[in-house]
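When the chains are written out, they are named A, B, C, D, E and F in that same order, and each has its own residue count from 1.
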Amino acid sequence: MSDRYEKGIEVMREHLGPEADQYIESIREVAPLFAKVNVEFAFGDIYGNKSHVLDPKTQELVTLSALTVMGNALPQLKLHVACALNEGATKEEIVETITQMIAYCGFPSATNAIMEAKKVFKEKGLI
Amino acid sequence: MSDRYEKGIEVMREHLGPEADQYIESIREVAPLFAKVNVEFAFGDIYGNKSHVLDPKTQELVTLSALTVMGNALPQLKLHVACALNEGATKEEIVETITQMIAYCGFPSATNAIMEAKKVFKEKGLI
Amino acid sequence: MSDRYEKGIEVMREHLGPEADQYIESIREVAPLFAKVNVEFAFGDIYGNKSHVLDPKTQELVTLSALTVMGNALPQLKLHVACALNEGATKEEIVETITQMIAYCGFPSATNAIMEAKKVFKEKGLI
Amino acid sequence: MSDRYEKGIEVMREHLGPEADQYIESIREVAPLFAKVNVEFAFGDIYGNKSHVLDPKTQELVTLSALTVMGNALPQLKLHVACALNEGATKEEIVETITQMIAYCGFPSATNAIMEAKKVFKEKGLI
Amino acid sequence: MSDRYEKGIEVMREHLGPEADQYIESIREVAPLFAKVNVEFAFGDIYGNKSHVLDPKTQELVTLSALTVMGNALPQLKLHVACALNEGATKEEIVETITQMIAYCGFPSATNAIMEAKKVFKEKGLI
Amino acid sequence: MSDRYEKGIEVMREHLGPEADQYIESIREVAPLFAKVNVEFAFGDIYGNKSHVLDPKTQELVTLSALTVMGNALPQLKLHVACALNEGATKEEIVETITQMIAYCGFPSATNAIMEAKKVFKEKGLI
């Protein structure tokens, strides 16, 4: 394992919690390079860049708004709602982020996102 | 003008600066209802909701990431880069928000966004 | 409840039928502002605008084509196929609207839409 | 020229006016099959299907809402605003169709569409 | 059945295998014109065009990358992973095509695609 | 400069030609991390992965179909039409790839792509 991989998987575990390793393993079984760059690039280079000026909570909120408007990334949105909670965002901040997106992506994508977030809140006993 | 309109246009001016009125006027000339809900709903109900838990700077950063991944909203992205600066975001925070989006929308949309942000930074003498 | 809310929920019930209240309630449990603007803005201001020049059936057909090409709004498309039938559109008009969209969004999104419409037609005994 | 081509180009001229031939010619210079299916399939099979239940004006309105929410089809949207006027749609019906789309695609795509429509209305002396 | 239809369904069977007829039949039950142009246009005119310069394997690989970045076409992506294998593409070529798309559509869409491809590989005993 | 960067910029120059360095420099001026990962990840890890099973020409064709259906990446599409020619693709193969995409993204995105390709062909004296 390279240093970049070690750093990336560490950052990934901080954001996702213990599910990180299983998530990457399920990709590696079919696509080793995909799994490698998911760790090294997305979490090592991007989320873990040393000079970062955004705190982890804000990193997660800007990801949540992006996943909301994309509209076709509900599994990832669900994952990052949990990440945002892990990084200290409140339920209200997450809900407000998604609600704000109505103005940018309309109701269908925003509704699908809020319903996915609701599932996470329920699983965690927050509603 | 309704109270909702007055409140909305005030919030809009805070985020966009003096361009707000001209922006809305150019829409009203062709589509009065469109202009009305742009002010009352987007800025009155959403950005200006009284119980909001996100500060205006974070509101702008989550909008910037969303506009980046949408990929077809460059005029709005340019506007909101200026809004983000108005609300206290630094150039570095804006650049990092857009850079993070590479992981969610790939290089083409993120590149078009960073180039649009660069124009705003140049206009404001920040680079 | 404000006047705008009362008007909005009434228009919503006309389009969606009795499911309207349950739909909004499931959103309100997690996101009260979201639910409020869904009723007041989408149905009160937009579908229910007093000076409207499109009849309710045409309102639904233009929504169906939009939801078809968006490609990531199948739950909403299913809902609006029922709305379109409620407002007097025939099965043939709905099918032709979706079929025309092949030219604008290609086969994958149009196929997913036609299959979703088929489910509604079956539930209502139309095929 | 096949019968399908002749029928298609005729329907295309009805919707687009005299620009139809030049439009197709500019595609044919680089991509003959593309130009052929644009005429035969999009206009012959789809817009010109004999058993059609939607009138040409409604065909154009459902296309306009679709092009609005797609967000990356402004040249085609401009073309179809002119088509819609050719087929008897009023400026108000076109504006209302685009305005309704705010609820489905948010403000950025809807704003870009309304501004493109405004250009056509100005060119035709309608505002 | 027209000659175009016969040619189209033949090309479709070559790419999809025996599922082709059932696929089209399920569309025809609700939308006859849709089914007709799916065969005649997509497979007759496009995949089966006589002067084609791309071999069927490359036709399938360029379709797979497109379906990956679209992000809302997972049923079609699954179908075309099978098509690609039918036309001689290896598992490694399919995986590399999808992996390359990370750079163009980001991780969410590419991850959903690789997981869908994994299902096909498992069904066919390739992993 | 790291080894990964050196390898990446070399692969990038092979695909894009001498424009590669200027392209990256214009990004680095505003976003150094963005520029770095564009070279190291997109070209070093992905296009330049040592065990690659797709030849460079096929790499470019699958990118072209993806950029076509994305619909909001015309500057990148123009760049990759030139890359595809650099890697040995013919004008006819590029045109056929884009034409095939009509079936997946409809006419608007495919038309915008073919027109952008036409510009490149003209600049290079191919039509």
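By definition in this document, contacts are C-beta pairs under 8 Å (C-beta built on N, C-alpha and C of every residue); 3 or more make two chains touch, one makes a residue touch a chain.
Just so it is clear, the model here is predicted, and its values are computed rather than measured.
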Those chains which touch chain E and also touch chain C: A, B, D, F
Name whichever of A-D and D-F has more C-beta pairs touching across its two chains. D-F
Taking each chain's centre as its mean C-alpha position, how far apart are chain C and chain F in Å? 39
Rounded to the nearest whole Å, what is the centre-to-centre distance of chain D and chain E, using the mean of the C-alpha atoms as each centre? 28
Taking each chain's centre as the mean of its CA atoms, chain C sits from chain D at a distance in Å of 23
By the touch rule stated above, which residues of chain F touch at least two different other chains? 33, 37, 41-42, 46, 49, 67, 69-73, 96, 99, 101-105, 107-108
Please name which positions on chain D make contact with chain B in the complex. 71-72, 95-96, 98-99, 102, 107-112, 114-115, 117-118, 121, 127
Touch list for chain E against partner chain D, complex: 33, 36-37, 40-41, 45-46, 49, 51
Can you list the residues on chain B that touch chain A in the complex? 41-42, 46-47, 49, 52-54, 58-59, 61-70, 73, 90, 92-93, 96-97, 99-105
With touch defined as at the start, can you tell me which chain D residues reach chain F in the complex? 26-27, 29-31, 33-34, 37-38, 42, 67, 70-73, 75-76
Complex interface listing, chain F residues touching chain C: 69, 101-108
